[in-house]
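Each of the next two complexes has subunit A plus one other chain: subunit B in the first, subunit C in the second.
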Partner chain A sequence: MTDSSRAWCAALLCSLGLLPALALGDVNVSGSAYVDYLGTRSPSARASSLSGITPELALKVEVDATEHLSFSAKACLGCHGVSPERFHAEWTPKPWINAQAGRIVVPFGDFSMRYDPSGHATASKPLIYEMGRMLYFRSDQFNLGVVPTPYVDNGVLLYGQAWLKDSVQVWYGGYAVGGFKGENDLDWSSLYQAYFNDNNAEPSGGARVVATYSASSDSALLKDLSLGASFMYGHYNRAANRSYLAAGLDLSSRVGPLTLRAEGALRRTDIDASLPGYRYEIVDPWIETAGFYGEIQHPVTEWLVVSYRFDGLRRQGVPLPGSDARLSAVSTILRYTQGVQVNIASGLFAKLGYEYWLLSDFPTAHVFHLGAGGAF
Partner chain B sequence: MTGPLHTKVLVAALVAAALGGCEGPRVGAQSDGGAIDPGSLATVSRLQDDIFTPKCASVSCHAASANSLAPMSLEPGESYRNLVGVPSTQVPSLRRVEPGDPARSYLMLKLRGAASGVGGAPSRMPLGKPSLTEEELQNLESWIHRGAPND
Partner chain C sequence: MIRASGVVAALSVSGALLMGVSPAQPAVNRVDVSGYPPDVQAAYQVFEIKCSKCHTLAKPINSRLSADDWKSYIKKMIRRPGSGINEESARQIFHFLRYYSSVKAGMLPPSAEPPTDAGTG
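Let's turn to the complex of A and B:
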């Protein structure tokens, strides 16, 4: 039996376990579909990106078995083929303590809650959260962003929320999950290959806390100001002796009709200095991927939303053996994104995007996105 | 970056400023003009014994058997002629092994799970089995970098 078959069998068995809950509880079915075209005239960028058409389909089933117990399952079709993306039980006895167990979305950063194409107005993700749809994303180049999103993993999340006075809500959560995988730097493809089991015996862990201030008056200029911090740590290789650490800060607010967002994140990843083939002498045996984004979202009309984003990503450290010869020890990207989302009808939208990429080690590129999708 | 040097410096400076000038890992001098260290000296005979035979040429995969699901055999005596200089089935513009160029060898893209980036199938090899270790991957790359000799 292949690993993929095992994963689907496990999902099927868990689904059978849902049947009693289905009989007793409320069932919610939702889904989304999105197709995006990424185009660029740069031959170098085209050769190092997932240019062309990429579909993303998702179907989610949520069952409220009791007042405090629910189950959720989500299957996706995208770059990784068909996969059971999420599958967890959720227990919500009190506002201040809740639990999810199974295959969960790991909460890192504000964008982890908005990664679905229907959840953000731009056609692309911020570089720090990009997974595959960025230029020079390959494992021998930038090897993706800081925490490629969605980051789903097997584990347990404990979370809750509390109110400070009447205007400040605090969300907090801590988790233990299988963690990232790889042998010398992270290997994203192995995270999404069934059977999804951990490659070492050590769980990885992290936490996130967000404080949100909500203005009491509808006429206040500054509404819903949120400030969050995220952290994760673990060992990613089979011997569990090479660690990674990621940390991030995020800020969002509504100012009048505008939504402002900014995030910064950093990941430090140990590397194996004993291997041959490095193009530089190793002084510190780790690499650092760090970046930021600042974004303004402006609803021009009821059906037209315009976004402006400026983001950057930096990979610092020795290029790994076999890396793209153009990659240097400090490789950076600066990108300006102009996006437009047209809400065609309820649940239906189209996205247009233009991106100007300024890279330190690769040719400058102009990238265009054209996408359409919907959610129900 | 194909632009002027000052643009390259500006990009790096802006990103560094945005990141608060976070100190990253220190890196020493460049070594060997960028070449992969040939000291690993993996030979195709050694790669056959260590990788192709035990991890690839099983009955249902890259074997010469009529029941094999894969399009090419990696059994002893057949792997070299099926790999070196041969256009890949999934992305014919790339050879399975491009002598001297591991980054453009489709074999390495499949083993590293990066084939989807060049239009190939995303499935990583070996299919349904643990991935090759980084040391094994670099031995293959080192052999390819030396010109993929039939040694």
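Let's turn to the complex of A and C:
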């Protein structure tokens, strides 16, 4: 570990109150920095998005206290300011049973492993996992995607893996966390603001299972295939009488030089039908947000990676009181994305992306992204 | 005005980064293993597939972890969802990373025979 790494590490640990951990054992420091410019000429889209420059900075410290016990802390700077994204203890006694406790990254979908800007080649996230970098993201419009990622929460995750023969890994995990918050639909920003405690006395829970086949021969065309399923359920309001249920399926594969990914996810969220001000008569007292993406990624040269993505999002349910007047009971987005990532040098990269947004309730928009960053 | 200056700033950052790039530079997201021993080349293939699932290869390639550090780090990666890293894959990944870190540190020429492999334990 270099002196500068140690200084960064000490600074982060000091800020998080973990300085004594430095004395415990091996320390690994990693992180990433990325700035992205989102541009669009559509006045409507510009007024309903976080266009302009957005930072995503992260610094992670992992301390291996013993062979089976480690601590991890990750601080992030983004749209919500500086926040503790991860802060947990991890106990890894056996491959088949391990535990994380603290502020953890909730495993939902394949993208929850790749949300860091250095983990995906496109400049933006798939719509089902998008946060504030989507058009019409506001709570009176689409109110973000299905499960905005990263979803970090306070709780416990038990996980493990088993092997079927030597070619299929089955990873499984179940968790209990504080859960989403809100009163009439979810309030995403409350997840990233102090206080980081639960708003009701009822934990939420979920599970994820992933089966991964790996080819035993290096020359096989199909080198790797993963199929995953995720689920979560809980109550989100203070009185704990309105629930949310989210589920997803994901598939990823490596075929020759191509990386293929596809995911689908939906979330059903109860609403308060007793409130005044709804524009329509309520038939179903919930909102269903569902979406998908399919993505192909391939290297062109050792320094250039090209991505093609097609994704969509549908919000179905009565617009809430005070919603954007243009929002209908069934509102959809279809988006076509082409992006390139240029690997510049020693962990530095630049991203360029073009997106064509086709919306049912809002004007069509052309969006471009230009970003640069690095990871270590 | 703010929007225009934002574009200029983003372009400037990216432009400045790209100006320093030459495609002929050493690999930044891939290792040229053509001069490596055959078993290390085979191990690199496993590393290239497994270790690019969740992050770019630049991350491990540019890391300063030692061989011992890699042993414990790979154990963590094995337990990630969908890693698909079994004992044999882990041994191969470790074999490559240990060799590559020795080459990077100047302890081995690229064509040297690899040291005896102790596995990931």
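Definition applied: the second predicted complex is superposed on the first by the 355 of 376 C-alpha atoms of A that agree within 3 Å, B and C clash if a C-alpha of one lies under 4 Å from a C-alpha of the other, contacts with A are read in each partner's own complex, and residues count from 1 in each chain.
Rule of thumb we're sticking to: a residue touches a chain if its C-beta (ideal position, glycine included) is under 8 Å from a C-beta of that chain, and two chains touch if they have at least 3 such contacts.
Quick caveat, the model's predicted, so the values are computed rather than measured.
Novice: Contact-wise, after the overlay, does A:Y159 reach subunit B, subunit C, both or neither (first, second, both, neither)?
Specialist: second
Novice: Between subunit B and subunit C, whom does A:Y280 touch in the aligned arrangement: first, second, both, or neither?
Specialist: In the superposed model, A:Y280 contacts subunit B only, not subunit C.
Novice: Taking the superposition on A as described, I'd like to know which of subunit B and subunit C A:Y213 touches: first, second, both or neither.
Specialist: The second partner, subunit C, only.
Novice: Could you say whether A:V82 touches subunit B, subunit C, both of them, or neither, answering first, second, both or neither?
Specialist: After superposition on chain A, A:V82 lies in contact with neither partner.
Novice: Name the contact category of A:W303: first (subunit B only), second (subunit C only), both, or neither.
Specialist: A:W303 sits against subunit C, while subunit B stays out of touch.
Novice: Once the structures are superposed on A, label A:P107 by its partner contacts, choosing first (subunit B), second (subunit C), both or neither.
Specialist: After superposing on A, A:P107 lies in contact with subunit C but is clear of subunit B.
Novice: Examine A:G264 and indicate which partner it touches, taking first as subunit B and second as subunit C; both and neither are also allowed.
Specialist: The first partner, subunit B, only.
Novice: Is there a shared patch on subunit A that both subunit B and subunit C touch, and which residues make it up?
Specialist: Dual-contact residues (subunit A): 2.
Novice: Which positions of subunit B touch subunit A when the two form their complex?
Specialist: Within the complex, subunit B touches subunit A at residues 1-3, 7-8, 11-12, 14-16, 18-19, 22, 24-32, 34-37, 39-40, 102-103, 108, 112-114, 116-118, 122, 124, 127-128, 131, 133-135, 137-138, 141-142.
Novice: Help me check something: in the complex, which residues belonging to subunit A touch subunit B?
Specialist: Per the stated touch rule, the residues are 2-4, 47-50, 79-81, 132, 137-140, 183-184, 187-190, 193, 264, 266, 272, 275-288, 290-292, 312-314, 316-318, 321-322, 324-325, 329-330, 332-334, 358-364.
Novice: Which residues of subunit A touch subunit C in their complex?
Specialist: Contact set of subunit A toward subunit C: 1-2, 26, 28, 30, 35-37, 39, 51-53, 64, 67, 70, 92, 95, 98, 107, 110, 113-114, 116, 118-119, 159-161, 163, 166-167, 169, 171, 173, 208, 210, 212-214, 218, 223-224, 226, 228, 252, 254, 259, 299, 301-303, 305, 342-350, 352, 370-372, 375-376.
Novice: Which part of subunit C faces subunit A closely enough to touch in the complex?
Specialist: On the subunit C side, the touching residues are 2-3, 6-7, 9-11, 13-14, 17-18, 20-21, 23, 25, 27-30, 42, 45-46, 49-50, 52-56, 58-59, 62-65, 69, 72-73, 75-76, 78-89.
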